[in-house]
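There are two complexes below, and they share subunit A, which is joined by subunit B in the first and by subunit C in the second.
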Partner chain A sequence: MTAALARLRSWEGLLLAILIVTVALNLANSPYYLGVENIVNLFQLEIEKIIVALTMTLIIINGEIDLSVASVMGLSACVMAWLFKMGVALPLALLAALGSGVLAGLFNGFWTAYVGLPSLAVTLAGLIGFRGVARILVEDRAIGNYPAWFNELGQQAFLGPLTLSIMIFLALFAVVAVVLHGSALGRLVYVMGNSLEAARYSGVRTKRVKMILFVASGVVAALAGLLYAARLGSVRGDMAQGFELDIITIVLLGGVSIFGGSGNLVGVGLSIFVILNLRNGMGLANITGNTQTSVVGALLILSVLVPNMAQLIHNRWRGRET
Partner chain B sequence: MNWLQRHIRPEQVRELSLLLLIIVAVLVFGSLIPRYYTSLTFNRIASSVVIITVVAAGQTLVVLTRSIDLSVGSIVGCTAYFAGTQLAAHHGMPPAVAVLIAVALGAFMGSLNGVLVAWGRVPPIIVTLGTLAIYRGILIDYSGAKTVTTDSLPAWLVDLPTVDVATVGGLEIRVVVAAALLVVIVFQLATSFLTVSRRLYAIGSNPEAAALIGLPTQRILFTAFVLSGALSGLAGFLFLARFGNITVEAGRGLELQSVAAVVVGGVNIFGGSGTIFGSMLGAVMIGTLEQSLFRLQISEFWRDAILGLLILLAVASDAVILNRLRLLWARTDLKLIAKSAPLPAREGEVTAP
Partner chain C sequence: MKKLLLTTAALAMLALLPQGAFAGDIMPGKDVKMVLLPKFLGILPFDQAHQGALEAEKELKNGSALQFLGPTPENSVAGQIEIVTNAATQGVGAIMISNNSGDQIVPSAKTAHDKGIKVVTWDSPIPSGEAEDLFVAQVDFAETGKVMADMALKILGDNGGKFAILSASPDAANQNSWIKAFHDVLKSDPKYAKLQEVDLVYGNDQSEASYNQAVALVDKHPDMQLIMAPTSVGIVAAAKAMQDEKLCDKVKVSGLGVPSEMVAYTMNGCAPDFALWSFVDLGYLAYYTAYGLATGAFEAKEGVSFKAGRLGDYKIAKDPTRSKGLRIVMGPFSIYDKSNVQAAAK
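Right after this comes the complex of A and B.
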């Protein structure tokens, strides 16, 4: 009984169970479900969000939050589009767009780490402000007509059946896994998430760690914005608006504590699979996108509620025994 | 200086400076925009601020307890749509019943948040991120993507935004503006003077201590979320009155706007300090900027960038200046105590607390 409860309480166990059920149901619905093509499609559907979710995992484990990621995605795409429209060569425009991501990250990191403001407030300002800058650049135009090679980056299979976005996701997943679970920086991320004070008094350069994380988040969000632009083939001021909530949902569903200090990349990886499979399966069963969002929302709440309640019942039960 | 310090708390300095900032902004815009000081400007700003003020009042109650309610935008959408369809179907429904329907539905939705946060022990940001999606999804399914249109609504509701309750020196005070002001005044008084609502501050300042001294923290948290939902319901009704046409997208984005108003209004995002009045000032500041920038024709595209900067400045000044002020106040208090206190007790002697 206790062992079963412990397994249920383990977040990854719960996610794995949900994943197996959804995959089984999807397989029953469509025999082609596990085909390579469908799996690639599955990833392509939300690829930009899951890329940003990886760096968001680091930020949230660190005890901070970055609400501005979706606006940075929009900003970088708009910087690229604006420069391209002005006649700058596309590769240069792409570099400048990544640079805008660095700047956005430096901005968030400066106010959070060095001035000591709450990241929730700083990145909320960023959410509104960066989107504002993006709007100033492209106003209400839609900027398209990029060279063919740029559009192909977003859709064409690159290596075998894998697209560039999926390869970037896989590479970044590996990098974040090594950093978080195999490097000194990763340990610091956890330590600071558990107790910033303790970390500071132990001589950890907390400001620098935070700065690195926010800049990483900015660059990755900028990259994701460019991939999104390549996939859509056109850039508008409101691109990727509202993505931040989906991204944070993925991370939290992965068992990362919103208060920092706990969670791991295995959980987030499973959570990505669960969400992609759920959405894809519901899509195949003709359930609309909004109901899908509701189901993901309910899942998010249940994934915390069920272990909590199990714990509570378990405690009651043990209390009666003794 | 001492007199000032005895009568004004650092938090009030914060609110006074925001008020001053609003006045400065109005003066600057007044010198830039011809015919700025008219009742038209006042009405535009006031009616654009009304909805966000009511939502921000509820958000403040929640933020004070060190929580956050991200579902308010979806609640506004749901209540506006539901009240709209009911009014469209029953034209004879008395206004009070319509308002009650919206408020009750909002309170019900808020109570779901409250139960999950207080007794389910799920962090508020997770609960309300979830219900943000769930409530919106329910609205879209329930409505079948149909829209409530202005011409299906009873005439009194369509006219409501332009009805005046009083005219003060050429300024017309709209009914909806008066309603929002009433909400602010009632909740400001309640949070200042009622024991029950002082507990919101206690929980937000130190949740463990609040639980240890025996405060019913779960019940208080629950109440805060119910009130936030109810006020969002009221805002939903105001939304319906103002726009008439309610799509399934109604109220989207209000969650972040209300948090912005609360933060600019000087409420600590980690709970325990701030006032409803401050949040209203925050909403007014944002509303004034939005409407005035629009009038200035500085391309509306600049609006968001400036708004983001404003939020950042508000938070930064809160952290840097307010802490200095608190220190200053504390130091003067210490001096006063040192002057009036009797000789220090000898070692080992027990003094009365």
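Right after this comes the complex of A and C.
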């Protein structure tokens, strides 16, 4: 237990070290890095992904995965755009879009929690299916021309230099921190992630917990999809396509075990800072395209390999001793 | 009174200057940070445009090195927005965008534009024309339609036949305009009446997706005789697909392609005719235009003329293909077949 704790502590230590190096390099490299505008952009350019990463953290610690999040983002944006185009008032269309997120979450939760199918398969189906619906709704067009207030919500500062999306992220971060680290539900998330059987035998209503998590993931993804639509001012069927990988990368890099049961929000928070600063720094250094993708990919390999290798070596060592 | 005197003096001085200085003469040797943003990195036409832009940079002796920045194909929209946003943060002088993001690019382009950065689009414009100074069009879009219709007629013959269109992404403004122009031309003259369109599909300018779409077209429409692909990625993928499926005798491929990528398929008859403009020239012209705007040599206004190095004079006009926006048209088309493709591919 203490060994595991020490390992966790050192993981976050490693993230902190990477973060410090990244920030130092960025400071040395670009005079624009520290500007308020750039710091806001740094968050704004990836804001929808980091919002969804928060609920993804809960799902993965719980021992599940939600591959459908990016498709739910696209679905929600397309539902909103389609209804708006049909003449529905925008506030109603926004509510309906959030509703589509609830439905998507219920779908994932039902098959995973109540039928007992692996979430990997269920949400993979969701990834394909929800995207399909999104594409059918919007077809091969771009739907734009929303009322000015909608675009302003997505693009302009809301409070001080902060945009609405950034405020939502900060609020959700606080909520998830309290739920995960200070509530009964949070303890259940860990317990189930460690051993679903044990949790079940000790009377935990595991199905309900899973359902809550998947619905939360669906709603938050739907909200993120709408924020993305507002930020870009125009909706297409391929919106947010492929984002699920970036989102899962953030969570895993944060030290959350892909097998569930371990990880915390401090690590994910650090991971968010690392990835955002890295991307922003590379952007300002005019490093784009495949190089950027490769660096983030290398980080993911690191995040998956290092903890598992450490565990493996540790086990081998103990095996030799006995 | 003093003001009036000054104005008169200024007018007098202007009158003394040689006329040529007014016609948007682009002065070399200024220091302007410029970004050339393709739809994505890693395909030949954009590298050629880069090469042309570098040629212009050399002629104009710009003190700042051109940045050629682009996203990966899978991340094209978010990547383009990121690059435009970062360019705005760094306060560059001009950004040249081959837009692959439809109107989704507008908020970030507007941020740049509001800061005084010149936003020039080339190859593919911003559909709404918002936050864009000027579009450097490769060819007149109506002419693209005519060229495509004539190639289709030549391949299918006077007795006509069935064809399908394999385009880039559904929201690619230039492809959509060309297809529309193509449709208009087909309807305009009875000699095209027997050319029958059976499908329109999208390969998203990715080789594998385009290849699969081409194969699927053959399965869906067994009597189809031509795939018209107005995209340099799609046309190569479709030609390769027909060659691999050994269908080149039955289904021909045509559209817009790069000679060096198409030469094998033109020589073996899979793609007997295709067309293109010079992407090198397009990059060259985009650079001249953006540099001229950023240095204040001329303004992006209807009727303004300027001289773009070896390509000569251009006049800014309203873009008839969009409800808003200004453009210059580079032109003309080169049509390639067995007789000239090998020379062009070198």
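To be clear about the criterion, the second predicted complex is superposed on the first by the 290 of 322 C-alpha atoms of A that agree within 3 Å, B and C clash if a C-alpha of one lies under 4 Å from a C-alpha of the other, contacts with A are read in each partner's own complex, and residues count from 1 in each chain.
The definition used in the following text is that contacts are C-beta pairs under 8 Å (C-beta built on N, C-alpha and C of every residue); 3 or more make two chains touch, one makes a residue touch a chain.
Because the structure is predicted, anything quoted here is derived from the model rather than measured.
Of the two partner chains, subunit B and subunit C are each touched by A:N290.
Of the two partner chains placed by superposition, A:K207 touches none, neither subunit B nor subunit C. In the superposition on chain A, no contact is made by A:K85 with either subunit B or subunit C.
Of the two partner chains placed around the shared chain by superposition, subunit B is the only one that A:I136 touches, whereas subunit C remains out of contact.
Shared-chain residue A:F259: touches subunit B; no touch with subunit C.
In the superposition on chain A, A:H314 contacts neither subunit B nor subunit C. Considering which of subunit B and subunit C touches more of subunit A, the answer is B.
The interface of subunit A with subunit B overlaps its interface with subunit C at residues 139, 237, 288, 290, 293. Chain contact summary for the complex, subunit A toward subunit C: residues 30, 32, 35, 37-38, 41, 44-45, 139-142, 144, 151, 154-155, 231-234, 236-238, 242, 279-280, 283-284, 286, 288-290, 293. The touching residues of subunit B, counted against subunit A in their complex, run 70, 116, 120-123, 125-127, 129-134, 136-138, 140-141, 256, 259-260, 263, 269-270, 299, 301-309, 311-312, 315-316, 319-320. The touching residues of subunit C, counted against subunit A in their complex, run 40-42, 67, 69-72, 74-75, 77-79, 81-83, 85-86, 89-91, 102-104, 106-107, 127-128, 169-171, 202. Across the interface of their complex, subunit B is touched by residues 111, 115-118, 120-122, 124-133, 135-136, 139, 237, 245, 248-249, 252, 258-259, 288, 290-291, 293-298, 300-301, 304-305, 308-309 of subunit A.
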